[in-house]
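Naming follows writing order (A, B, C, D, E and F), and every chain is counted from residue 1.
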Amino acid sequence: MPWITVQLLAGRTVEQKKELVAALTRETSRVCGCGTDAVQIVIEDVQKDNWGIGGILASEKFPGPPSPYGSGDPRFKTQT
Amino acid sequence: MPWITVQLLAGRTVEQKKELVAALTRETSRVCGCGTDAVQIVIEDVQKDNWGIGGILASEKFPGPPSPYGSGDPRFKTQT
Amino acid sequence: MPWITVQLLAGRTVEQKKELVAALTRETSRVCGCGTDAVQIVIEDVQKDNWGIGGILASEKFPGPPSPYGSGDPRFKTQT
Amino acid sequence: MPWITVQLLAGRTVEQKKELVAALTRETSRVCGCGTDAVQIVIEDVQKDNWGIGGILASEKFPGPPSPYGSGDPRFKTQT
Amino acid sequence: MPWITVQLLAGRTVEQKKELVAALTRETSRVCGCGTDAVQIVIEDVQKDNWGIGGILASEKFPGPPSPYGSGDPRFKTQT
Amino acid sequence: MPWITVQLLAGRTVEQKKELVAALTRETSRVCGCGTDAVQIVIEDVQKDNWGIGGILASEKFPGPPSPYGSGDPRFKTQT
(Lines give C-alpha, C1' and ligand atoms only; values in the text may rest on other atoms or scores of the structure.)
Protein backbone atom coordinates (compact mmCIF):
# COMPACT_ATOMS: atom_id res chain seq x y z
CA MET A 1 0.00 0.00 0.00
CA PRO A 2 -0.74 2.57 -1.35
CA TRP A 3 -2.32 0.68 -4.23
CA ILE A 4 -3.31 2.76 -7.26
CA THR A 5 -5.46 1.72 -10.21
CA VAL A 6 -5.50 3.89 -13.33
CA GLN A 7 -8.21 3.35 -15.94
CA LEU A 8 -7.03 4.90 -19.19
CA LEU A 9 -8.28 4.91 -22.73
CA ALA A 10 -6.10 2.33 -24.51
CA GLY A 11 -3.39 3.60 -26.81
CA ARG A 12 -0.61 4.87 -24.58
CA THR A 13 2.93 3.87 -25.36
CA VAL A 14 5.16 1.93 -23.01
CA GLU A 15 7.24 5.11 -22.63
CA GLN A 16 4.18 7.00 -21.41
CA LYS A 17 3.36 4.21 -18.97
CA LYS A 18 6.92 4.25 -17.64
CA GLU A 19 6.74 7.97 -17.08
CA LEU A 20 3.25 7.80 -15.55
CA VAL A 21 4.21 5.07 -13.08
CA ALA A 22 7.37 6.94 -12.09
CA ALA A 23 5.56 10.25 -11.58
CA LEU A 24 2.55 8.91 -9.67
CA THR A 25 4.80 6.84 -7.41
CA ARG A 26 7.11 9.76 -6.66
CA GLU A 27 4.23 12.12 -5.84
CA THR A 28 2.34 9.59 -3.73
CA SER A 29 5.47 8.79 -1.76
CA ARG A 30 6.21 12.47 -1.22
CA VAL A 31 2.71 13.43 -0.07
CA CYS A 32 1.99 10.34 2.02
CA GLY A 33 5.42 9.96 3.52
CA CYS A 34 5.76 6.31 2.57
CA GLY A 35 8.60 4.70 0.69
CA THR A 36 8.42 4.45 -3.09
CA ASP A 37 8.78 0.67 -2.72
CA ALA A 38 5.39 0.60 -1.04
CA VAL A 39 3.55 2.08 -4.02
CA GLN A 40 2.10 -0.29 -6.56
CA ILE A 41 0.16 0.77 -9.66
CA VAL A 42 -2.00 -1.15 -12.10
CA ILE A 43 -2.90 0.44 -15.44
CA GLU A 44 -6.10 -0.77 -17.08
CA ASP A 45 -6.26 -0.09 -20.82
CA VAL A 46 -9.91 0.56 -21.65
CA GLN A 47 -11.00 0.06 -25.25
CA LYS A 48 -13.22 2.72 -26.82
CA ASP A 49 -16.06 0.22 -27.12
CA ASN A 50 -15.94 -0.36 -23.37
CA TRP A 51 -16.08 3.23 -22.19
CA GLY A 52 -19.33 5.14 -21.95
CA ILE A 53 -19.40 8.87 -21.37
CA GLY A 54 -22.71 10.68 -21.10
CA GLY A 55 -24.50 7.56 -22.32
CA ILE A 56 -22.50 7.19 -25.54
CA LEU A 57 -19.61 4.84 -26.29
CA ALA A 58 -16.27 6.56 -26.78
CA SER A 59 -16.01 4.75 -30.11
CA GLU A 60 -19.04 6.73 -31.30
CA LYS A 61 -18.16 9.97 -29.58
CA PHE A 62 -14.53 9.97 -30.67
CA PRO A 63 -14.37 7.97 -33.91
CA GLY A 64 -11.01 7.57 -35.56
CA PRO A 65 -7.65 6.37 -34.36
CA PRO A 66 -7.54 4.25 -31.21
CA SER A 67 -6.49 7.03 -28.88
CA PRO A 68 -7.53 10.66 -29.13
CA TYR A 69 -4.79 11.84 -26.79
CA GLY A 70 -2.52 14.46 -28.17
CA SER A 71 -4.86 15.08 -31.06
CA GLY A 72 -4.99 18.76 -30.43
CA ASP A 73 -8.77 18.57 -30.58
CA PRO A 74 -9.88 20.76 -27.66
CA ARG A 75 -12.75 18.42 -26.92
CA PHE A 76 -10.25 15.80 -25.88
CA LYS A 77 -8.54 18.21 -23.58
CA THR A 78 -11.62 18.37 -21.43
CA GLN A 79 -13.52 15.21 -22.24
CA THR A 80 -10.95 12.43 -22.15
CA MET B 1 -11.23 9.49 -18.03
CA PRO B 2 -8.54 8.92 -16.79
CA TRP B 3 -10.12 7.50 -13.65
CA ILE B 4 -7.78 6.83 -10.72
CA THR B 5 -8.52 4.89 -7.56
CA VAL B 6 -6.11 5.16 -4.63
CA GLN B 7 -6.35 2.66 -1.78
CA LEU B 8 -4.58 4.14 1.23
CA LEU B 9 -4.25 3.19 4.86
CA ALA B 10 -6.77 5.44 6.65
CA GLY B 11 -5.39 8.36 8.62
CA ARG B 12 -4.40 10.97 6.08
CA THR B 13 -5.46 14.53 6.67
CA VAL B 14 -7.64 16.51 4.32
CA GLU B 15 -4.58 18.63 3.53
CA GLN B 16 -2.68 15.55 2.40
CA LYS B 17 -5.62 14.45 0.27
CA LYS B 18 -5.82 17.90 -1.35
CA GLU B 19 -2.13 17.76 -2.19
CA LEU B 20 -2.32 14.17 -3.41
CA VAL B 21 -5.26 14.86 -5.72
CA ALA B 22 -3.58 17.96 -7.12
CA ALA B 23 -0.27 16.21 -7.75
CA LEU B 24 -1.66 13.01 -9.28
CA THR B 25 -3.97 15.02 -11.54
CA ARG B 26 -1.19 17.33 -12.70
CA GLU B 27 1.19 14.47 -13.49
CA THR B 28 -1.44 12.34 -15.23
CA SER B 29 -2.50 15.27 -17.37
CA ARG B 30 1.10 16.07 -18.26
CA VAL B 31 2.09 12.51 -19.21
CA CYS B 32 -1.14 11.54 -20.98
CA GLY B 33 -1.77 14.85 -22.71
CA CYS B 34 -5.33 15.16 -21.50
CA GLY B 35 -6.89 18.10 -19.72
CA THR B 36 -6.81 18.20 -15.92
CA ASP B 37 -10.63 18.44 -16.00
CA ALA B 38 -10.73 14.93 -17.40
CA VAL B 39 -8.94 13.38 -14.42
CA GLN B 40 -11.05 12.07 -11.59
CA ILE B 41 -9.68 10.42 -8.45
CA VAL B 42 -11.34 8.41 -5.70
CA ILE B 43 -9.46 7.83 -2.45
CA GLU B 44 -10.44 4.75 -0.47
CA ASP B 45 -9.46 4.91 3.21
CA VAL B 46 -8.63 1.36 4.25
CA GLN B 47 -8.81 0.56 7.97
CA LYS B 48 -5.96 -1.45 9.48
CA ASP B 49 -8.36 -4.32 10.22
CA ASN B 50 -9.23 -4.52 6.53
CA TRP B 51 -5.74 -4.67 5.07
CA GLY B 52 -3.75 -7.86 4.93
CA ILE B 53 -0.08 -7.90 4.05
CA GLY B 54 1.81 -11.16 3.90
CA GLY B 55 -1.15 -12.92 5.51
CA ILE B 56 -1.33 -10.68 8.59
CA LEU B 57 -3.70 -7.81 9.27
CA ALA B 58 -2.06 -4.39 9.38
CA SER B 59 -3.61 -3.91 12.81
CA GLU B 60 -1.45 -6.78 14.07
CA LYS B 61 1.62 -5.97 12.03
CA PHE B 62 1.60 -2.27 12.83
CA PRO B 63 -0.14 -1.89 16.21
CA GLY B 64 -0.48 1.59 17.62
CA PRO B 65 -1.85 4.83 16.22
CA PRO B 66 -4.20 4.64 13.26
CA SER B 67 -1.68 5.60 10.65
CA PRO B 68 1.99 4.66 10.70
CA TYR B 69 2.90 7.22 8.06
CA GLY B 70 5.58 9.64 9.01
CA SER B 71 6.47 7.55 12.02
CA GLY B 72 10.11 7.46 11.11
CA ASP B 73 10.06 3.71 11.56
CA PRO B 74 12.01 2.43 8.54
CA ARG B 75 9.69 -0.54 8.25
CA PHE B 76 6.93 1.82 7.24
CA LYS B 77 9.09 3.39 4.61
CA THR B 78 9.15 0.14 2.72
CA GLN B 79 6.12 -1.77 3.94
CA THR B 80 3.25 0.69 3.87
CA MET C 1 -22.39 -12.03 -13.06
CA PRO C 2 -22.95 -9.30 -14.24
CA TRP C 3 -21.35 -7.53 -11.33
CA ILE C 4 -21.82 -3.76 -11.17
CA THR C 5 -20.02 -1.28 -8.94
CA VAL C 6 -21.39 2.25 -8.63
CA GLN C 7 -19.23 4.97 -7.09
CA LEU C 8 -21.49 7.81 -6.00
CA LEU C 9 -21.04 10.96 -4.02
CA ALA C 10 -22.37 10.09 -0.53
CA GLY C 11 -25.75 11.48 0.45
CA ARG C 12 -28.31 9.39 -1.39
CA THR C 13 -31.28 8.10 0.53
CA VAL C 14 -32.12 4.45 0.94
CA GLU C 15 -35.13 5.06 -1.31
CA GLN C 16 -32.87 6.31 -4.09
CA LYS C 17 -30.61 3.31 -3.67
CA LYS C 18 -33.59 0.95 -3.87
CA GLU C 19 -34.73 2.59 -7.07
CA LEU C 20 -31.23 2.68 -8.54
CA VAL C 21 -30.60 -1.01 -7.85
CA ALA C 22 -33.98 -1.97 -9.30
CA ALA C 23 -33.50 0.10 -12.46
CA LEU C 24 -29.92 -0.90 -13.21
CA THR C 25 -30.74 -4.58 -12.64
CA ARG C 26 -33.79 -4.45 -14.89
CA GLU C 27 -31.93 -2.74 -17.72
CA THR C 28 -28.85 -4.95 -17.49
CA SER C 29 -31.01 -8.06 -17.54
CA ARG C 30 -32.97 -6.77 -20.51
CA VAL C 31 -29.96 -5.79 -22.62
CA CYS C 32 -27.73 -8.73 -21.73
CA GLY C 33 -30.41 -11.39 -21.73
CA CYS C 34 -29.50 -12.75 -18.34
CA GLY C 35 -31.82 -13.27 -15.40
CA THR C 36 -32.26 -10.50 -12.87
CA ASP C 37 -31.09 -12.93 -10.19
CA ALA C 38 -27.68 -12.94 -11.82
CA VAL C 39 -27.14 -9.20 -11.42
CA GLN C 40 -25.41 -7.97 -8.29
CA ILE C 41 -24.64 -4.34 -7.51
CA VAL C 42 -22.42 -2.69 -4.93
CA ILE C 43 -22.84 1.01 -4.21
CA GLU C 44 -19.79 2.83 -2.86
CA ASP C 45 -20.61 6.08 -1.06
CA VAL C 46 -17.70 8.44 -1.71
CA GLN C 47 -17.20 11.30 0.74
CA LYS C 48 -16.49 14.75 -0.70
CA ASP C 49 -13.01 14.73 0.85
CA ASN C 50 -12.21 11.54 -1.05
CA TRP C 51 -13.23 12.61 -4.52
CA GLY C 52 -10.98 14.69 -6.73
CA ILE C 53 -12.22 16.27 -9.93
CA GLY C 54 -9.86 18.28 -12.07
CA GLY C 55 -7.28 18.22 -9.29
CA ILE C 56 -9.55 19.70 -6.61
CA LEU C 57 -11.42 17.91 -3.83
CA ALA C 58 -15.19 17.93 -4.19
CA SER C 59 -15.35 19.38 -0.67
CA GLU C 60 -13.58 22.49 -1.99
CA LYS C 61 -15.28 22.60 -5.36
CA PHE C 62 -18.79 22.04 -3.99
CA PRO C 63 -18.77 23.34 -0.40
CA GLY C 64 -21.98 23.10 1.57
CA PRO C 65 -24.38 20.27 2.27
CA PRO C 66 -23.10 16.70 1.89
CA SER C 67 -24.69 16.04 -1.46
CA PRO C 68 -25.11 18.57 -4.24
CA TYR C 69 -27.60 16.40 -6.12
CA GLY C 70 -30.90 18.02 -6.79
CA SER C 71 -29.57 21.40 -5.82
CA GLY C 72 -30.74 23.00 -9.00
CA ASP C 73 -27.29 24.44 -9.49
CA PRO C 74 -26.55 23.80 -13.19
CA ARG C 75 -22.91 23.08 -12.39
CA PHE C 76 -24.02 19.92 -10.63
CA LYS C 77 -26.01 18.84 -13.60
CA THR C 78 -22.87 18.44 -15.61
CA GLN C 79 -20.08 18.10 -13.06
CA THR C 80 -21.34 15.56 -10.57
CA MET D 1 -19.27 10.99 -10.99
CA PRO D 2 -21.22 8.72 -10.82
CA TRP D 3 -18.67 6.20 -12.01
CA ILE D 4 -19.98 2.73 -12.90
CA THR D 5 -17.97 -0.41 -13.57
CA VAL D 6 -19.69 -3.39 -15.16
CA GLN D 7 -17.99 -6.78 -15.11
CA LEU D 8 -19.59 -8.95 -17.79
CA LEU D 9 -18.83 -12.31 -19.28
CA ALA D 10 -17.08 -11.51 -22.59
CA GLY D 11 -19.06 -11.95 -25.78
CA ARG D 12 -21.43 -9.01 -25.96
CA THR D 13 -21.73 -7.16 -29.23
CA VAL D 14 -20.94 -3.50 -29.65
CA GLU D 15 -24.68 -2.94 -30.18
CA GLN D 16 -25.43 -4.46 -26.78
CA LYS D 17 -22.76 -2.32 -25.17
CA LYS D 18 -24.20 0.82 -26.79
CA GLU D 19 -27.63 -0.02 -25.47
CA LEU D 20 -26.33 -0.95 -22.02
CA VAL D 21 -24.37 2.28 -21.64
CA ALA D 22 -27.33 4.35 -22.80
CA ALA D 23 -29.78 2.62 -20.45
CA LEU D 24 -27.60 2.62 -17.33
CA THR D 25 -26.70 6.28 -17.87
CA ARG D 26 -30.31 7.33 -18.36
CA GLU D 27 -31.52 5.49 -15.25
CA THR D 28 -28.65 6.67 -13.05
CA SER D 29 -29.22 10.26 -14.13
CA ARG D 30 -32.95 9.96 -13.49
CA VAL D 31 -32.67 8.41 -10.03
CA CYS D 32 -29.71 10.46 -8.79
CA GLY D 33 -30.74 13.75 -10.31
CA CYS D 34 -27.40 14.37 -11.98
CA GLY D 35 -26.77 15.20 -15.61
CA THR D 36 -26.14 12.37 -18.05
CA ASP D 37 -22.81 14.02 -18.88
CA ALA D 38 -21.65 13.24 -15.36
CA VAL D 39 -22.11 9.48 -15.73
CA GLN D 40 -19.17 7.44 -16.92
CA ILE D 41 -19.19 3.68 -17.39
CA VAL D 42 -16.42 1.15 -17.92
CA ILE D 43 -17.27 -2.33 -19.17
CA GLU D 44 -14.85 -5.09 -18.27
CA ASP D 45 -15.09 -8.16 -20.51
CA VAL D 46 -14.30 -11.15 -18.34
CA GLN D 47 -13.11 -14.32 -20.09
CA LYS D 48 -14.65 -17.62 -19.00
CA ASP D 49 -11.25 -18.80 -17.73
CA ASN D 50 -11.08 -15.78 -15.44
CA TRP D 51 -14.45 -16.09 -13.75
CA GLY D 52 -15.07 -18.46 -10.88
CA ILE D 53 -18.54 -19.20 -9.62
CA GLY D 54 -19.03 -21.55 -6.70
CA GLY D 55 -15.38 -22.58 -6.93
CA ILE D 56 -15.49 -23.63 -10.58
CA LEU D 57 -14.31 -21.71 -13.65
CA ALA D 58 -17.08 -20.60 -15.98
CA SER D 59 -15.20 -22.35 -18.79
CA GLU D 60 -15.84 -25.66 -17.01
CA LYS D 61 -19.31 -24.85 -15.77
CA PHE D 62 -20.55 -23.46 -19.08
CA PRO D 63 -18.46 -25.14 -21.81
CA GLY D 64 -19.18 -24.21 -25.40
CA PRO D 65 -19.39 -20.92 -27.23
CA PRO D 66 -17.75 -17.87 -25.67
CA SER D 67 -20.91 -16.35 -24.29
CA PRO D 68 -23.87 -18.27 -22.92
CA TYR D 69 -26.17 -15.27 -23.04
CA GLY D 70 -29.28 -15.72 -25.03
CA SER D 71 -28.72 -19.45 -25.22
CA GLY D 72 -32.15 -20.24 -23.91
CA ASP D 73 -30.60 -22.58 -21.39
CA PRO D 74 -32.49 -21.78 -18.17
CA ARG D 75 -29.32 -22.24 -16.12
CA PHE D 76 -27.91 -19.14 -17.78
CA LYS D 77 -30.97 -17.17 -16.93
CA THR D 78 -30.18 -17.50 -13.26
CA GLN D 79 -26.47 -18.28 -13.12
CA THR D 80 -24.83 -15.78 -15.42
CA MET E 1 1.15 -8.47 -6.45
CA PRO E 2 -1.00 -10.55 -6.29
CA TRP E 3 -3.49 -7.96 -5.09
CA ILE E 4 -6.82 -9.29 -3.83
CA THR E 5 -9.99 -7.32 -3.05
CA VAL E 6 -12.78 -8.99 -1.10
CA GLN E 7 -16.21 -7.39 -1.01
CA LEU E 8 -18.11 -8.82 1.96
CA LEU E 9 -21.37 -8.05 3.64
CA ALA E 10 -20.37 -6.00 6.73
CA GLY E 11 -20.51 -7.73 10.08
CA ARG E 12 -17.48 -10.01 10.23
CA THR E 13 -15.36 -9.99 13.33
CA VAL E 14 -11.70 -9.08 13.40
CA GLU E 15 -10.97 -12.74 14.18
CA GLN E 16 -12.73 -13.80 10.97
CA LYS E 17 -10.81 -11.21 8.99
CA LYS E 18 -7.50 -12.43 10.46
CA GLU E 19 -8.34 -15.99 9.49
CA LEU E 20 -9.57 -14.98 6.03
CA VAL E 21 -6.46 -12.97 5.23
CA ALA E 22 -4.20 -15.79 6.46
CA ALA E 23 -6.03 -18.45 4.45
CA LEU E 24 -6.35 -16.53 1.18
CA THR E 25 -2.70 -15.50 1.34
CA ARG E 26 -1.48 -19.04 2.03
CA GLU E 27 -3.53 -20.52 -0.82
CA THR E 28 -2.62 -17.82 -3.33
CA SER E 29 1.05 -18.20 -2.51
CA ARG E 30 0.84 -21.98 -2.82
CA VAL E 31 -1.00 -22.01 -6.16
CA CYS E 32 0.85 -19.12 -7.80
CA GLY E 33 4.30 -19.94 -6.48
CA CYS E 34 4.93 -16.46 -5.13
CA GLY E 35 6.02 -15.52 -1.64
CA THR E 36 3.38 -14.77 0.99
CA ASP E 37 4.98 -11.34 1.43
CA ALA E 38 3.88 -10.48 -2.09
CA VAL E 39 0.18 -11.02 -1.39
CA GLN E 40 -1.86 -8.04 -0.26
CA ILE E 41 -5.56 -8.13 0.51
CA VAL E 42 -8.13 -5.38 1.03
CA ILE E 43 -11.47 -6.24 2.62
CA GLU E 44 -14.38 -3.95 1.76
CA ASP E 45 -17.25 -4.11 4.25
CA VAL E 46 -20.45 -3.56 2.26
CA GLN E 47 -23.51 -2.35 4.17
CA LYS E 48 -26.85 -4.04 3.47
CA ASP E 49 -28.22 -0.80 2.03
CA ASN E 50 -25.40 -0.73 -0.51
CA TRP E 51 -25.73 -4.24 -1.90
CA GLY E 52 -28.29 -5.14 -4.51
CA ILE E 53 -29.01 -8.73 -5.43
CA GLY E 54 -31.55 -9.51 -8.10
CA GLY E 55 -32.70 -5.89 -8.08
CA ILE E 56 -33.46 -5.72 -4.36
CA LEU E 57 -31.35 -4.25 -1.56
CA ALA E 58 -29.96 -6.80 0.88
CA SER E 59 -31.55 -4.75 3.66
CA GLU E 60 -34.96 -5.61 2.21
CA LYS E 61 -34.15 -9.15 1.18
CA PHE E 62 -32.48 -10.07 4.47
CA PRO E 63 -34.00 -7.81 7.13
CA GLY E 64 -32.78 -8.22 10.68
CA PRO E 65 -29.36 -8.20 12.26
CA PRO E 66 -26.51 -6.60 10.33
CA SER E 67 -24.98 -9.81 9.07
CA PRO E 68 -26.88 -12.94 8.12
CA TYR E 69 -23.77 -15.11 8.18
CA GLY E 70 -23.93 -18.10 10.43
CA SER E 71 -27.64 -17.63 10.90
CA GLY E 72 -28.39 -21.18 9.94
CA ASP E 73 -30.97 -19.90 7.51
CA PRO E 74 -30.38 -22.01 4.37
CA ARG E 75 -31.14 -19.04 2.15
CA PHE E 76 -27.97 -17.41 3.41
CA LYS E 77 -25.96 -20.48 2.63
CA THR E 78 -26.61 -19.97 -1.03
CA GLN E 79 -27.54 -16.32 -1.37
CA THR E 80 -24.91 -14.42 0.60
CA MET F 1 -21.46 -12.10 -2.28
CA PRO F 2 -18.66 -12.47 -1.29
CA TRP F 3 -17.14 -11.05 -4.44
CA ILE F 4 -13.37 -11.45 -4.88
CA THR F 5 -11.13 -9.76 -7.43
CA VAL F 6 -7.59 -11.06 -7.93
CA GLN F 7 -5.08 -8.97 -9.85
CA LEU F 8 -2.27 -11.24 -10.98
CA LEU F 9 0.70 -10.87 -13.24
CA ALA F 10 -0.40 -12.48 -16.53
CA GLY F 11 0.99 -15.88 -17.37
CA ARG F 12 -0.84 -18.36 -15.17
CA THR F 13 -2.18 -21.48 -16.74
CA VAL F 14 -5.81 -22.45 -16.77
CA GLU F 15 -4.92 -25.27 -14.36
CA GLN F 16 -3.53 -22.75 -11.87
CA LYS F 17 -6.64 -20.61 -12.24
CA LYS F 18 -8.87 -23.63 -11.60
CA GLU F 19 -6.94 -24.47 -8.47
CA LEU F 20 -6.87 -20.85 -7.29
CA VAL F 21 -10.60 -20.38 -7.72
CA ALA F 22 -11.34 -23.66 -5.94
CA ALA F 23 -9.03 -22.88 -3.01
CA LEU F 24 -10.11 -19.25 -2.47
CA THR F 25 -13.77 -20.22 -2.66
CA ARG F 26 -13.38 -23.09 -0.19
CA GLU F 27 -11.49 -20.96 2.34
CA THR F 28 -13.83 -17.98 2.04
CA SER F 29 -16.85 -20.21 2.51
CA ARG F 30 -15.28 -21.90 5.53
CA VAL F 31 -14.22 -18.70 7.30
CA CYS F 32 -17.32 -16.63 6.49
CA GLY F 33 -19.87 -19.37 6.92
CA CYS F 34 -21.53 -18.77 3.57
CA GLY F 35 -22.21 -21.33 0.87
CA THR F 36 -19.61 -21.89 -1.83
CA ASP F 37 -22.29 -20.99 -4.40
CA ALA F 38 -22.28 -17.46 -3.04
CA VAL F 39 -18.60 -16.87 -3.78
CA GLN F 40 -17.68 -15.36 -7.12
CA ILE F 41 -14.14 -14.57 -8.24
CA VAL F 42 -12.77 -12.51 -11.11
CA ILE F 43 -9.13 -12.88 -12.10
CA GLU F 44 -7.52 -9.91 -13.82
CA ASP F 45 -4.40 -10.78 -15.82
CA VAL F 46 -2.09 -7.79 -15.59
CA GLN F 47 0.56 -7.42 -18.28
CA LYS F 48 4.09 -6.52 -17.18
CA ASP F 49 3.83 -3.17 -19.00
CA ASN F 50 0.77 -2.30 -16.92
CA TRP F 51 2.15 -3.01 -13.46
CA GLY F 52 4.33 -0.53 -11.62
CA ILE F 53 6.19 -1.47 -8.48
CA GLY F 54 8.29 1.11 -6.69
CA GLY F 55 7.93 3.45 -9.66
CA ILE F 56 9.26 1.01 -12.26
CA LEU F 57 7.31 -1.11 -14.73
CA ALA F 58 7.49 -4.85 -14.09
CA SER F 59 8.67 -5.25 -17.67
CA GLU F 60 11.81 -3.31 -16.76
CA LYS F 61 12.24 -4.72 -13.29
CA PHE F 62 11.69 -8.34 -14.33
CA PRO F 63 12.72 -8.57 -18.00
CA GLY F 64 12.43 -11.94 -19.67
CA PRO F 65 9.63 -14.44 -20.04
CA PRO F 66 6.07 -13.22 -19.51
CA SER F 67 5.70 -14.59 -16.02
CA PRO F 68 8.46 -14.73 -13.42
CA TYR F 69 6.51 -17.14 -11.24
CA GLY F 70 8.26 -20.36 -10.47
CA SER F 71 11.53 -18.98 -11.77
CA GLY F 72 13.38 -19.84 -8.62
CA ASP F 73 14.72 -16.32 -8.49
CA PRO F 74 14.33 -15.34 -4.83
CA ARG F 75 13.46 -11.79 -5.81
CA PHE F 76 10.23 -13.09 -7.25
CA LYS F 77 9.43 -14.88 -4.06
CA THR F 78 9.12 -11.59 -2.25
CA GLN F 79 8.46 -9.04 -4.97
CA THR F 80 5.75 -10.52 -7.14
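In this text, a contact is a pair of C-beta atoms (placed from the backbone, for glycine too) under 8 Å apart; a residue touches a chain by one contact, two chains touch by 3 or more.
Everything numeric here is computed off the predicted structure, so don't read it as measured data.
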Labels of chains that are neighbours to subunit B and to subunit C: D, E
Subunit A onto subunit E, rotation angle from CA fit, given as a multiple of 5 degrees: 180
Chain pair among A-E, A-F or C-D whose interface repeats that of B-C, sharing over half of the contact pairs by residue number: A-F
Furthest chain, CA centroid comparison against subunit F: C
Inter-centroid spacing, subunit D versus subunit B (mean Cα positions, whole Å): 30
Subunit E and subunit F: spacing of chain centres that average the CA atoms, whole Å: 18
Centre distance in Å when subunit D and subunit F are each reduced to the mean of their C-alpha atoms: 23
Residues of subunit B whose C-beta touches two or more other chains: 1, 3, 7, 24, 37-38, 40, 42, 44, 46, 51, 53
Touch-based graph of the chains, sorted into line, ring, star, complete or other: other
Every chain pair in contact, whichever chains are involved: A-B, A-D, A-E, A-F, B-C, B-D, B-E, C-D, C-E, C-F, D-F, E-F
Contact footprint of subunit D on subunit B as seen in their complex: 1, 3, 40, 42
Residues of subunit D that touch subunit F when the two form their complex: 7, 44, 46, 49-57, 59-60
Residues of subunit C that touch subunit D when the two form their complex: 1-9, 12, 16, 19-20, 23-24, 27-28, 30-35, 37-38, 46, 51, 53, 69-70, 76-80
Complex contact set, residues of subunit C against subunit E: 14, 17-18, 20-22, 24-26, 36-45
